[in-house]
Amino acid sequence: MHEQSSERLLDLLYWMMLTRGVDDRCEALFKQGKFPGGIFAQTGHEAISVGSSILLEEGDAIAPMHRDLGAYLVRGMSPGRIFAQAMGRVGAPSGGRDLNTHGLGDISLRIFGYVSHLPQSMGIALGAAYSFLYRGEDRVAMTYFGDGASSEGGCHEALNLAAVLNAPVIFILENNRYAYSTPLEKQCRIENLAIRAEGYGIPGVTIDGTDIIAVMDTTKEAVERARGGGGPSLIECKNLRMKGHAIHDPADYVPAELLEHWEERDPVEQFRRQLEAAGTLDEESLQSIKARIEREIEEAVEWAESSPLPDPGTLEEDVFA
Amino acid sequence: MGREQPPAGSWNPRRGCFRLMPQLNYLESINQALHQEMELDDSVFVLGEDVGEFGGAFKATAGLWDKFGERRVLDTPMCEWAFIGLANGAAMMGLKPVVEIQFADFISTGFDPIVQYAATTHYRWGAKVPIVIRAPWGGGSCAGPFHSQCKEAWFTHCPGLKVVIPSTPYDAKGLLLSAIRDPNPVIFFEPKHLYRRGKSEVPEEPYTVPIGEAEIRRPGSDLSIITWGAMVQEALEAAETLSAEGAQCEVIDLRTLVPLDRQLILDSVRRTSRVLIVHEAVRTGGFGAEVAALLAEEAFDSLDAPPARLTAPDTPVPYSPPLEKAFRPDAEKIVLRARELLAY
Amino acid sequence: MGREQPPAGSWNPRRGCFRLMPQLNYLESINQALHQEMELDDSVFVLGEDVGEFGGAFKATAGLWDKFGERRVLDTPMCEWAFIGLANGAAMMGLKPVVEIQFADFISTGFDPIVQYAATTHYRWGAKVPIVIRAPWGGGSCAGPFHSQCKEAWFTHCPGLKVVIPSTPYDAKGLLLSAIRDPNPVIFFEPKHLYRRGKSEVPEEPYTVPIGEAEIRRPGSDLSIITWGAMVQEALEAAETLSAEGAQCEVIDLRTLVPLDRQLILDSVRRTSRVLIVHEAVRTGGFGAEVAALLAEEAFDSLDAPPARLTAPDTPVPYSPPLEKAFRPDAEKIVLRARELLAY
Amino acid sequence: MHEQSSERLLDLLYWMMLTRGVDDRCEALFKQGKFPGGIFAQTGHEAISVGSSILLEEGDAIAPMHRDLGAYLVRGMSPGRIFAQAMGRVGAPSGGRDLNTHGLGDISLRIFGYVSHLPQSMGIALGAAYSFLYRGEDRVAMTYFGDGASSEGGCHEALNLAAVLNAPVIFILENNRYAYSTPLEKQCRIENLAIRAEGYGIPGVTIDGTDIIAVMDTTKEAVERARGGGGPSLIECKNLRMKGHAIHDPADYVPAELLEHWEERDPVEQFRRQLEAAGTLDEESLQSIKARIEREIEEAVEWAESSPLPDPGTLEEDVFA
């Protein structure tokens, strides 16, 4: 934390609060019946998605998953387009063809939209990383997957192939202890999944995923290593999915004590308190961030709602390039 | 009206009296079938993601975990390849695994154990692989490209697999019991659009509906509408509309794609001389092509109009309501196409 | 005789003279196409199992590693899912990956990155995924159930994928170059039975054969035989035999299944009024069903006989020679079925 | 070695020599044009396939792969049926429908035939192991996979799921340093693959796969652990594939020094020398084993050749049970 300028720190807080704000607004809009399909809650994931993606530079690539709203925002996907996606509007990245964070891609931003079949994005990010090696570019690719996805075969293949190719790709494992209703104990027999990195001959670490500074410090090291030709890294960020799997899920299978334990570790609140304690954040700047976010979200929702629903006549367009 | 149709009530042999049957929706019927078969047969077990205490993403396995414990109601990590592989191995050892794929779309993630292992093993060296793969299937609920797919045609092209898609609560139970008792691998797609849409009579007792028999849902002499899954309801609605216009459509619910009830559909088309095949899957290479090709080849001389298909167009399943509506066949579209055929 | 047919020799503009073209077999033609395109376009690279120094299981990539190095000729571990995923990602970054699947049968192991990711991405959010998946495909060499499969129908049912199956050395090169230059994902099946069976003229220069155009390999007025892959040769042989009996068969090589050259096949069938569709894949749900259904629907009034299919039966591909012979369509079987149709 | 009776030791030698003998005869028959399809050489794998499978008891299950000829033999698949399989005859386990070791299954022996798509057998063995848990039986399942197959996603899924279920299954990794033409260095960035066991929370060891006593000792421990409710184990046996990938492959990509290094470690010769040195094997018993094997192979080939080719009329039978 000491290393960051206070401007940078307030910027981080802004992105985390924006993520929280967009997420909350999505929930509200869903409840108002504005979204034809469901959405995935982001609460508890803000430090991971913001703290890692913020380290990328222009030209780097990112393949986020369904709890990385923060990463989409940080990498330049505007809130308006995100709302429009959930509303199924023309102004969305998918023009109404895909929903919520699915297919929320924009090649000009080097953000790769994902498919449901987890963890496809690991292979995609590896491919982007390979293109950097191929062209001798000084770039990195970053991707995300959950504890659930870590049990899929593709996860193993991608980690191993990345290691063999020494590709500049950073794999961020969001271990939020649940895959839908299935707790970590039913998914694996170990506590820290990052120890698997050793089996690929690459660096792997486990950190507190609610602490944005820890996320940043660790990711920074990995990004620098990758840019310097040091190959891939696995970073396991531990947290808890603070709401249901998706909006329909009350998640009453999560024990109350577990929730309580992690509620105290709310990434946004935690960081705000830290900044306040360090004197970096005062009430005034907090209010100005809040106001900015409120305004941005308001405008974004308006923009999204003004975007038309797609014309059924376009249904069969764009299947092929 | 057709075989296997349940009577409006049933004779209860134990009580010696005639009674009305309980009304269940599709999901309750599936759930009841699982409860009953697991009680009857110790070797039946279910497995998949979140099927245990949680009862499955759609609650199809609700209550099983409490009753049968985690040995027989096995929550797995996310690993379609391994848990279907496990099911294959357990099945060859005499167990009867019923796998749930959370959404049918994810069946492609566990593809090899199904299409390479389960499908070919009996032919290759004689071992039976009696697995059932259940999966909530199809669209109609704005769930987008990856929670709406109808890929039955991938499996109908794999000799050694049976493919079953029931369209009513009654058939859901009866066919699921048949599938579990079948010594072969059975792909069992459940149109999730129908899960909670309406209840109908489902006998309390376990019963089977034979795999391989289609069902005439509505008799008619002017046009055969052949379909399956959620499209059966749409076809029936369309037939109602057309009936008011004086055209009697026969609506056939295939129920089983493999093995196909060739005789029933050939007989129907030979009677009506006109056929419209309707499915929710995309057009090119859908199972409708197989049905059309079969009828064209074997009922050629009986046809007074070209065998026609009404399907989704060749695109991924779009999310936004106006697009999904345009994508998905429905009663209205069936009426329009049927009118053309009737006028041919 | 049809479009795209190479002349017997070619005018060499550089030398200003007419010369005979080199004779290459199918495999050499594929290999030459890869060499040339990699020279022309820095963004083209090949990847897969054993494609590097070893030159691939069939030597299709021979010499590339020496010339272009391991960055552009990438040997991968066994991980179809990851290396196709890698190809998708690299393609979206502007590279042009050409993936080799060691045998087409193993394409099911890397299924998701193809059918879920590559097929849908452009429709969903506009990114182009210009990958080519090459795979030695089909039977005829006693290689058994897992080194002989013809599963093109899995892919023709996935909107967003193009599916190409060349049957001659000339087309192999021209279509591979088109596939690599195409901005879409292309599944490119190579009938390995033809790899070393005969040479024919292949221009030295790079050239393309357009994706989406079928080819009339032999004109005829009595029966259209529509086929692809290794069956084209069988059909031509059958046509020769039938010609001696006085029946002129038109043999159409589809070359591309998606997009399908609807016009050419409809025109042909409208002329001949009779059609036999032949393929190596098993019958139920094979792409022949799509062709038959299309013709039945759109050329109904022109047909004088039922649209017929001659295919492998619905079994896994058996190994032992008498079984494989019985399994696989061939010239003899085509003649028998064609005679029936001609007499209809 | 000390713990084994000399009868047992000679029995082991018999199985290894039988494996070598059947394999050599297959090569000869192939060259005589008696096999319509190809075959996989077994040289260098005899200690692994014999030394592990010999520890199974009646009722245990096995899912071998393509270099486990020894395991098929030990578990009761007769040489005649094996030859018949390669010849495509009715007397083969597949009745001519599948080739070489593919589909060489017999459910009455609890041998599971494999499919090409590696490493399917890992899931199958796991399923058999699950059936033992399910029924409360004191049995184990054993399966095999190569260094090549270790990079496939299925390998990861099966190991992890076996760990989570604590299933009585023994995974034997035959690390023969090649997957077809691809050397180990191009497949992974580590030397000993068994270290991956730690990432699943199960025991994993690396041993010399040319030493049958080492294979037996290690497997015995794993089998006992599994029978005692201790769950799965991963055993990596290191060796070299001494011939080409399959009969058509001259394997000139394997460096001569590497071959020389391992030639000295020929598992059959090594064990024979050991037994001779220990005084367990004399010339007379060696000759009698050889004679027995020669006779068995001769009879087996005769039996296979007398078995008819399948009737084409049966082509469409048995697709369904």
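Read from first to last, the chains carry the letters A, B, C and D; within each, the first residue is number 1.
Quick note on the criterion: a residue touches a chain if its C-beta (ideal position, glycine included) is under 8 Å from a C-beta of that chain, and two chains touch if they have at least 3 such contacts.
Source: prediction; values computed, not measured.
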Listed by label, which chains are in contact with subunit C and with subunit D?
A, B
At minimum, the number of touching-chain hops separating subunit A from subunit D is 1
If you average the CA atoms of subunit A and of subunit B, how many Å lie between those two points?
37
Find the geometric centre of each of subunit B and subunit D from their Cα atoms only, then give the gap between the two centres in Å, rounded to an integer.
41
Based only on mean CA positions, could you tell me how far subunit B sits from subunit C in angstrom?
33
Find every residue in subunit C that makes contact with two or more other chains and list them.
77, 79, 81-82, 105, 108-109, 112, 116, 120, 123-124, 145-146, 159-160, 314-316
At least two other chains touched by the same residue of subunit A: list those residues.
94, 97-98, 102-103, 115-117, 151-154, 157, 160-161, 164, 186-188, 319
Once you draw an edge for every pair of touching chains, what topology comes out, line, ring, star, complete or other?
complete
Considering the complex alone, what residue numbers of subunit D touch subunit A?
151-157, 160-161, 163-164, 186-190, 193, 195-196, 198-202
Given the complex, residues on subunit D that touch subunit B span 61, 63, 93-94, 97-98, 102-107, 112-113, 115-117, 120, 122-131, 133-134, 141, 153-154, 157-158, 160-161, 164-165, 318-321
Along subunit B, where are the residues that touch subunit A in the complex?
49-50, 53-54, 57, 75, 77-82, 102-103, 105-106, 108-109, 142-147, 313-316, 318-323, 325-327
Name, in rising order, each residue of subunit B that touches subunit C in their complex.
105, 108-109, 111-112, 115-116, 119-120, 123-124, 145-146, 151, 153-154, 156-157, 159-160, 258, 260, 281-282, 284-290, 292-298, 300, 303, 305-309, 314-316
Residue ranges of subunit C in contact with subunit A within the complex:
45, 71-72, 74, 76-77, 79, 81-95, 97, 112-113, 116-117, 120-128, 130, 159-160, 162, 183-184
